[in-house]
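Since the structure comes first, as structure tokens, the remarks are kept for the end.
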Amino acid sequence: MQLGIIGLGRMGGNIARRLTRAGHQCVVYDAKPEIAQGLAKEGMTPARDLAELVQLLAPPRAIWIMLPAGPITEEAVETLGRLLSSGDALIDGGNTYYKDDIRRAAALATRGIHYLDVGTSGGVWGLERGYCMMIGGPKDAVAGLDPIFKTLAPGIGDITRTPHREGRDPRAEQGYIHAGPAGSGHFVKMIHNGIEYGLMQAYAEGFDILRNKASEALPENERFDLDLADIAEVWRRGSVVASWLLDLTAISLAESGDLAHYEGAVADSGEGRWTLEAAIEEAVPANVLAASLFARFRSRQDHTFGDKLLSAMRFQFGGHVEVKEPGTAADAPK
Amino acid sequence: MQLGIIGLGRMGGNIARRLTRAGHQCVVYDAKPEIAQGLAKEGMTPARDLAELVQLLAPPRAIWIMLPAGPITEEAVETLGRLLSSGDALIDGGNTYYKDDIRRAAALATRGIHYLDVGTSGGVWGLERGYCMMIGGPKDAVAGLDPIFKTLAPGIGDITRTPHREGRDPRAEQGYIHAGPAGSGHFVKMIHNGIEYGLMQAYAEGFDILRNKASEALPENERFDLDLADIAEVWRRGSVVASWLLDLTAISLAESGDLAHYEGAVADSGEGRWTLEAAIEEAVPANVLAASLFARFRSRQDHTFGDKLLSAMRFQFGGHVEVKEPGTAADAPK
Amino acid sequence: MQLGIIGLGRMGGNIARRLTRAGHQCVVYDAKPEIAQGLAKEGMTPARDLAELVQLLAPPRAIWIMLPAGPITEEAVETLGRLLSSGDALIDGGNTYYKDDIRRAAALATRGIHYLDVGTSGGVWGLERGYCMMIGGPKDAVAGLDPIFKTLAPGIGDITRTPHREGRDPRAEQGYIHAGPAGSGHFVKMIHNGIEYGLMQAYAEGFDILRNKASEALPENERFDLDLADIAEVWRRGSVVASWLLDLTAISLAESGDLAHYEGAVADSGEGRWTLEAAIEEAVPANVLAASLFARFRSRQDHTFGDKLLSAMRFQFGGHVEVKEPGTAADAPK
Amino acid sequence: MQLGIIGLGRMGGNIARRLTRAGHQCVVYDAKPEIAQGLAKEGMTPARDLAELVQLLAPPRAIWIMLPAGPITEEAVETLGRLLSSGDALIDGGNTYYKDDIRRAAALATRGIHYLDVGTSGGVWGLERGYCMMIGGPKDAVAGLDPIFKTLAPGIGDITRTPHREGRDPRAEQGYIHAGPAGSGHFVKMIHNGIEYGLMQAYAEGFDILRNKASEALPENERFDLDLADIAEVWRRGSVVASWLLDLTAISLAESGDLAHYEGAVADSGEGRWTLEAAIEEAVPANVLAASLFARFRSRQDHTFGDKLLSAMRFQFGGHVEVKEPGTAADAPK
């Protein structure tokens, strides 16, 4: 079927490719015109602006926005909300905050436009592996776009079937679900990312302990000089901690066991923060998800003000000197 | 080759089976004689006691102990240490604390007996999937037992090969590694379990937030009644959080979405605790692994004394009454 | 000077008393008329509604709202915003979210009304000890109300003077500060409460470990049956952990060493949650404050859904049975 | 009465001074002879070695060891164990691990020597304020040394009396307790320090959030430039978070609001670690105490290996580049 796609970066471009290769007709737009033009060679129809994109689509239209969450996406939704007509569908495939989805869906519904929020996981591997999609929006609109979702999803593949799923929605096994009304797709994707932070941090801490087992701070007969690459690899085989993230860990460690070229300053995106806020709103204890987020905050600082306050208190009650220049201890506050 | 196996429970029995099916000759013993007798039908040689088991094996012998970690395993090691001869090998496949391995290996080495510690992951699925093994001990002894390890391991199977592994130890891809000297096998297995706790808790918290998104404590237009079984299923397909633990989660949720038959009181074993102690010894921050362990401690209590102390302070400074019987507020301390 | 006070509960009533006793003239209102009438005997002027309260005050008026944060306070602010005139001052002494203060102050400023947010700490002890106040709002309006703040504050008392404070704002030593523009008073009070949660939880965990040192799970020669009341008391004398919260702990433990009449289900209010959200907004790692909040969430549940999911995974991978009725293990999912 | 004191550093020297000033007779020894000689002018009797110190004391002797915990203290205990006689008392006032106390006490008891472990809090302020002491050991030996403990303790002073203490051990109000048998004194002191870490971290996080409220990452109308010194000061007056640690915080912040001369690398001593191990042994959840310890571990590292592993995973699944030299992104693993 026909689909408009706005935003042709790493994710949007590959989504357009995967759809086109499967025979769908994609009308594409990017703020950088040369990107849309470039995709014309791969069989897509480039549009010069949003208005042209809308004109190039036959009603009822469906447009997939794949832009950075925040003001850029917001502006595209507003502009398209004015250009589209009753019966059209607008899909936000980015990482929008789900409360924004709820607001937008209500606003667009007054004009008969369907709003779908599609949490999309897959990263740079999606073109090849397919995308895992968590969809929020009106039931009929979701159903109408099923050919798109089915193509983008990974499909059953050779992944073991889960027992006891007889009678359940078959789409989940294909790699996409209709989670519920507007906002629910991004909510589920948000929690997905929150869990992702937690899983990553669990591996990070475990491998950190493995690595520091060679530390000279330990008694000599209790030190081990472990091969982290082999450990990651062996855990992929029959262990309880096997996962896709472990597969990626094994790749990285096989390349470079000490990961020395990485800075160690780790970014975080909105989802990890919003997950924590959702936990707070629901009064759900979430120590692991919180600690995972805080580890990233901490990784981007040399020292916190809080650390310095600890040193200050220690100086006051015990005379412990933890100043910048050991030689300047005498200059420390008395 | 020939192997003695002591302890024929869920793990030991299946290890014996997997080896026997592959043509190895297993001499087996269990404290309950009928268990060893029962396995005779499957082609194994039952022994009535440890002395007989040793006699039934041709030197150089190899004996695999698969008993609960602690005094029971310790006693078996001591007894066998007396019965075995120089050149024999003793394997502890249980979840022994790695510092005990270091001690035992040194003691047995004085008599020429090789001690191997084999961290063994696989649970009830091992018979079919194979066991992931992390082996500590002398290089030659580990090499001599390679046929056993190769048979028990899952093998390469259809798991994607990790790039950049050219020139690395090929055993890791088969599902077993020689981690280093005595103790290192169980150390790596211990950290594996520590990570396992962290991964499990990350999923637990995430699904808890998903489930409570239907809570009536939230504004009505922000509630979602999510299908957790479908969410677990869809995440198995192309998402970042795909893992074996998620596969198991999907099975459980497909059976029973509310998990109501589970008590919610979760046991912990030594590995999670020792992992935290290793982090402390190495001065590695491990908030996620710690929080995962503490969540299990907490799950086994109705209320902590600490909780009550919070209420007591709140009563003292703010007059907040959080007593057992709301009607007895008047009886609370003034 | 003259002050209107709205809301005569535990906090508002005592504020009115402390001011009246010092010679200020209080016009008081409460939704329950008998409460305001009752205070007439103590020298205050009761008002029957907000309009009368405004009429009873001479311009420029100052009105202190001491109501539960949320819709009730919001409504009072809106009503008074309509009744007051340019040059009047409106004080919110409750626990309002500081972003609401910023919004209200901007709205009221368009009509020339000054808005002050006063974070007020002191609880049931405030009448006697005085109130610690953190004030946000326009500099001149804060200065104009100084007689009120000075009376409510504890004053220097016999608390040791902090060295190095020469040249600093003397109000801090009296027990009140002008923190900055609207919102900053409640922001500082919010962080105060966040810290309070952390301090309380630190004591709670420590005393929990002390109490469980008598546990039969420990080796007999490592158990101690400790007197928690005496420990709390001795720590008040020259130790590093001496604090007002410890003073209160000592009182509670002296009354009842096992705190058995407390339920152990601990409430939390908005400030602890908002503190965590502020940490997230500022990307400040706050593991202790987060864990303190989550401990309260957890204290109000018997078992979490997350706990049950852990048991479900453990059943799936290891056959561990953690079901509600041990006898029904056979009925657990296979 | 007469007391031998070994180790005349910051703590031991002041303990000797406080006792001598009160009329007790102190025989003192330090590994640096000039230190003991120096104290002779203040009325103490210097000893040149442990043997002489023992000779200078009349039986039944009492000797207080105030040395760094670990091998130095252990050696002193062993040497003195040989030099002392039945009925003598050996006091370890340092921060020894309580399980070492239990072991030592049992060994010395076979020779009739009493062993006391005295957890001593007070730091550099002890000479003036007195020391808070938590004492483990035999009841009679503790009673016999009461004059020493009473002199060292702060006494009731002007600290408010705790209600409901009628009939309780009056020593707690003086600032010392007999906690129980050998080891219990250091156990209580250990938990004291664990709580201390938690309290300190709660303040550290709270002030960190206050300080970062001026961050340019926040919307301009939500930023506050707060005076942390005044905030610490005002909280000392009638707020819930008033404490001795806050008094010290107020001093430090009054000196230097940005604490810029502190490095931010914070040491930890054994007690914080042992507290966590005690929590693990007792299965007590202790998220706050753990997070406090981990914050210190983290403060001493620029970046953790775990942080780098997070970046590696992010590169693998999302192409996110977090390498050391932004310009070398092309050299990052593909």
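Chains here go by letter, A, B, C and D, matching the order in which they are written, and residues are numbered from 1 within each.
Just so we're on the same page, a residue touches a chain if its C-beta (ideal position, glycine included) is under 8 Å from a C-beta of that chain, and two chains touch if they have at least 3 such contacts.
This one's a predicted model, so the numbers in the text were calculated from it and none came from an experiment.
Participant: Show me the overlap between the contact partners of chain C and those of chain D.
Facilitator: Touching chain C and chain D alike, sorted by label: A, B.
Participant: Could you quickly compare A-D and A-B and let me know which has more C-beta contacts?
Facilitator: Result: the pair with more contacts is A-B.
Participant: Let me check something: if the centre of a chain is the mean of its CA atoms, which chain is farthest from chain B?
Facilitator: Chain centre farthest from chain B's centre: C.
Participant: On a C-alpha centroid basis, what's the spacing between chain B and chain D, in Å?
Facilitator: Here chain B and chain D have centroids separated by 37 Å.
Participant: For chain A versus chain D, what separation do you get between their C-alpha means, in angstrom?
Facilitator: 45
Participant: How big is the gap, in whole Å, between where the Cα atoms of chain A centre and where those of chain B centre?
Facilitator: 30
Participant: List, in ascending order, every residue of chain D touching at least 2 other chains.
Facilitator: In chain D, the residues touching two or more other chains are 123, 125, 201, 203, 205, 208, 212, 240, 244-245, 251, 255, 283-287, 291, 294-295, 298, 304, 306, 317.
Participant: Could you list, by residue number, the parts of chain A that touch chain D in their complex?
Facilitator: So the residues of chain A touching chain D come out as 10, 123-125, 200-201, 203-205, 207-208, 211-212, 244-245, 248-249, 251-253, 255-256, 258-267, 287, 291, 295-296, 298-299, 302-320, 322-324, 328, 331-333.
Participant: Which of the residues in chain A come into contact with chain C in the complex?
Facilitator: Against chain C, the touching part of chain A is residues 240, 268, 273, 276-277, 280, 283-287, 290-291, 293-295, 297-298, 300, 304, 306, 317.
Participant: Which chain A residues qualify as touching chain B in the complex?
Facilitator: Contact set of chain A toward chain B: 99, 102, 121-123, 125-126, 129-134, 153-160, 162-165, 168-169, 171-177, 179-181, 183-184, 187-188, 191-199, 201-203, 205-206, 208-210, 212-213, 215, 217-218, 221-222, 224-227, 229-231, 233-247, 250-251, 254-255, 275, 278-279, 281-289, 291-292, 294-295.
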